[in-house]
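Right, one structure below, let's go through it.
Chain IDs A, B, C and D follow the sequence of writing; residue 1 opens each chain.
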Amino acid sequence: MKVEDIIWKEGMSVKDLTDSLGNVGFQSVQLNNAKNAIVKMKKEGAKIFFTFTANMVTSGLRGLFAQTIKLGLADIIVTTVGSVEEDIMKAIGEKFDIGTFKADDVELYEKGENRVGNLFIRNESYYKFEDFTQEFLEKAYKKKRIWPVSELLKELGLELKDKNSILHQAAKNNVPVFCPGITDGAFGFHLFMFKEKHPDFIVEVVEDFKNILLSVSHDDKKGVICLGGGISKHHALFVCLLNGGLDYAVYLTTEHQTDGSMGGATTDEAKSWGKVKDDSDAATVIGDATITFPIIMMSVFEELKKEGII
Amino acid sequence: MKVEDIIWKEGMSVKDLTDSLGNVGFQSVQLNNAKNAIVKMKKEGAKIFFTFTANMVTSGLRGLFAQTIKLGLADIIVTTVGSVEEDIMKAIGEKFDIGTFKADDVELYEKGENRVGNLFIRNESYYKFEDFTQEFLEKAYKKKRIWPVSELLKELGLELKDKNSILHQAAKNNVPVFCPGITDGAFGFHLFMFKEKHPDFIVEVVEDFKNILLSVSHDDKKGVICLGGGISKHHALFVCLLNGGLDYAVYLTTEHQTDGSMGGATTDEAKSWGKVKDDSDAATVIGDATITFPIIMMSVFEELKKEGII
Amino acid sequence: MKVEDIIWKEGMSVKDLTDSLGNVGFQSVQLNNAKNAIVKMKKEGAKIFFTFTANMVTSGLRGLFAQTIKLGLADIIVTTVGSVEEDIMKAIGEKFDIGTFKADDVELYEKGENRVGNLFIRNESYYKFEDFTQEFLEKAYKKKRIWPVSELLKELGLELKDKNSILHQAAKNNVPVFCPGITDGAFGFHLFMFKEKHPDFIVEVVEDFKNILLSVSHDDKKGVICLGGGISKHHALFVCLLNGGLDYAVYLTTEHQTDGSMGGATTDEAKSWGKVKDDSDAATVIGDATITFPIIMMSVFEELKKEGII
Amino acid sequence: MKVEDIIWKEGMSVKDLTDSLGNVGFQSVQLNNAKNAIVKMKKEGAKIFFTFTANMVTSGLRGLFAQTIKLGLADIIVTTVGSVEEDIMKAIGEKFDIGTFKADDVELYEKGENRVGNLFIRNESYYKFEDFTQEFLEKAYKKKRIWPVSELLKELGLELKDKNSILHQAAKNNVPVFCPGITDGAFGFHLFMFKEKHPDFIVEVVEDFKNILLSVSHDDKKGVICLGGGISKHHALFVCLLNGGLDYAVYLTTEHQTDGSMGGATTDEAKSWGKVKDDSDAATVIGDATITFPIIMMSVFEELKKEGII
């Protein structure tokens, strides 16, 4: 393949851009490869694991995540509990602020604003989340005592009405949401508070491991789209490893392989584990997913729409 | 403070180096600040949370982590389940290999070697880990049916005899090890296998959230040493937030704040949340912890030893 | 400003995407800010310094750079000599290959291919460049003996006929190209070879500093678009500092401020120097410019076209 | 090679630390490899190119650079003009301040302080540098009219008396200092001012390319120690390429290969160019050089001292 000079033409679509980036070089080539891998995993009927970290849900990617589920590009979700919290806050009407990375953090604290990079979440959003959660847990407890995590999250999703909600679209489309670190955040705190009053209320994590393990089989084609690293990415890769490895893998990350971290681990490294098969379609794109994910996924949607697949 | 030119003198100790780095600039200044913050948290009797990701345990930092616990510089550990697995593998005699980042991953797979950056773990290490774990779970099950994670990990530590083992030193020194994502790895798989045979075996995560929450109080001075990001770092910070915030905070990371990730989140950002107090001693050092942690911690030990504190 | 959930709509243009990224968070917000700053610098008639590193010209961004000049969005160019070399190679018909970052470098060497990330340049391209350059220098030498760098580069641009050539468009549109490190590459080697035969041939760098210094005045509004760091970025900023500082500044970079490097230096840091004015419109976007620059610049073109400005 | 757990022992030296880092993993292994490569290049009598960016001279590494020259570990220096400026400022008694990355840049500007990461340079240092430089140029001009850059820098070094000065030690030890971008900074501005009065004063860059090209031969063993990227690194590598390629190469950098930049270019990539020979001893260490360089170089000195080589 040759490098081709990119040129602007009036009215260019996102899809046109992605197509031409395929001949530009460095990360732009990877971006186009990622687009192609996702198109292919959908066309070939792969079960798609979609993983992301909570800061992605703090950002405005949330709506696009919900749409990704709705349009059938995500069959299994793995994420952290922060995603659950912020999806709920937004679903019940809370709005987050855009500020700067250099904001005065002491001043923010005094104003009751909590910074995530250049985004701010107000304390009030947490208070409303608390009210919602305690009420929800009461209802769930009435139904049964022992809850595998993904069943609890589905129940939650059924409560939400927002079409831009990840949990709502997941519940509606029968896409399980796994959260192996369910206690690590405000939701965990509310589970603890609730359990103080109801000691027989049990959140089952080992049972939920069984659920995710059985959510695919060795015979399924399997693909993964991972935004960032951490427990979400690792969990999906590990489950796929136990099921014979991935046929398609797309990683979007800001981390590099040079520190041996999960976020920086490449699709090549995954081959040594059998997580990703040797002949799989795989691409790692280095860059902020708030930029790379929309370009890639919108181009995927455009292409699949044109072919009548979505 | 002025920049001072650094000069080599024959026989310089690690501590001499760190002292002089305090006047060099960029990350070297931060490194010296981190050293000072840790010395201070120990001297002032703070409860110290120590968090790290699993790749750090894959590396040879493990022995230094165990020593950090033994010498009283870690009161509460938070980590991911990969750390537990690899600590056990090493404790039962397995050795990992040092290779290169550019290794042929398909060839490694065929040889049964799994790559983590430039380190390789053989499949056999996982087989031995499996045998050990299933036997251990049988024993644990005989004692009781419901296990909060940290209690299970303490039980595990009591089984291990290796003085370089994190779990061993933690158990011996009554330092609890928390692992909010206990199912995310081979250990989780073995828990699932075991539970298939013993459905009444329950791993309690909400109960364990209570344990970590009560491991410190509002009145304690609190410090944190975080290597990398992810669920380990977030969990410690969140628990400290619920207990009134940190007085001391040291983050060693390769990530940057510009992507809004937990790994890149700075001690400044933490102030907006009340995770870190305004007037706390805090330092973020950007760099690979396999280099920065030994320099910092060895200098800390040297200084505390000289003062008769350890 | 509030975070807004981003949603795909069929047929979205690049400009639609950029607009919606303005409410997403993290680097996507910065990307939209960068677009706005560039639109503004054009509308307000600022003199625009455009700087980039040579690897950007190796990539397919070259055509977009030439178009940027042609459409009047760059008034002064600063770059390294590698950009000159590769612009010429492409202008005389050479094509570069797209490969992978993990290519076997010893094998590439044996095949006469030189790797730049995931792009390859063949030795033959350098041979053809050599022939062109020696012939060109003969012609230039006949005109005069002492050449300030930018005058030599203009002469070069007049020789090239490719509309996607940076030097061609610059010469045609009277946009000076400055290259403060003119000897650092194959072109420098050819200058040396030529000078061996013609010792009175002199390339003037101090005279060229005068040229760039006088290319703008204190009274001009001034803007800068910097891709990457190094001597190109520094040179433009320094010249603007001497002329009263910048009114607009956009930096696209993969580097971070934490190491004190020029590539990582932010628009905030530039304010301490008086390089960037306090009240200027400024944005730093962290990410690979092969992705960020096309999105930003194409959106700029679209907006300016719609308003009849270009 | 196996991963070995690292353990602190009282009174550990920097050299002890580096030795043990060789078995830790990730970048610590690379750090030890870098140390070994430098020791070897010295023992085998290689000509050593030493390159660094200006921010490294802003920091306190400057003294160690001068010592590296004095102890015979650098035979040819390549750097940017900022290094020259700040070496002079410090040599004539100026001191830089250590602040923070989050300093208020507008306030700094008003106080006449210029920020480089977390270091500040006062305007007064620039004024004193100006006085020194104009006086120096008068003297140089009296000697001759046409100055290749490295000859001018040697003349400068002879004027300075500070033993921690890079230029002083270089001049004293007959180590040439090359600066292919000599006009890119305050020194360039002063050259321009001086030339306004003395139009026949010429700074020769092409002649200086000849000087660096002839500073080594094909038959010499050649090594390189590069801190950061940019024109300094590229220049040394290019000259070595023209002389048959490097036998030893050590890169210390914060950049990654994924963007195709010079700073991120690895020693592997250099093999495709013939810059680094296939069988050379080569190591790339990712990390802030204000930390990695002192550890590596002090360990090198310690080892060579013990063997009576320095």
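Note that in this section a contact is a pair of C-beta atoms (placed from the backbone, for glycine too) under 8 Å apart; a residue touches a chain by one contact, two chains touch by 3 or more.
Model, not experiment: these values are computed from the prediction.
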| item | value |
| --- | --- |
| Chain of greatest Cα-centre distance to subunit A | D |
| Homomeric contact subunit B-subunit C: same or different residue positions, threshold half | same |
| Between the pairs B-D and A-D, the one where more C-beta pairs touch | B-D |
| Cα-centroid distance, subunit B relative to subunit D, in whole angstrom | 36 |
| Distance between chain centroids, defined by C-alpha means - subunit A, subunit D (Å) | 44 |
| Contacts with 2+ other chains: residues of subunit D | 25-27, 55, 58-59, 102, 117-119, 256, 258-260, 268, 286, 288 |
| Of subunit D, residues touching subunit C in the complex | 53-55, 58-59, 80, 82, 101, 103, 105-106, 108-109, 113-120, 180-186, 188-189, 191-192, 195-196, 201-210, 213, 228-231, 234-235, 238, 242, 254-265, 268-274, 278, 288-289 |
| Residue ranges of subunit A in contact with subunit D within the complex | 25-27, 102, 256, 258-260, 286 |
| Footprint of subunit B on subunit D - complex, ascending | 1-8, 10-14, 16-17, 20-21, 23-29, 31, 55, 58-64, 66-67, 90, 95-98, 102, 117-119, 164, 268, 286-288, 290-292, 294-295, 297-298, 301-302, 305 |
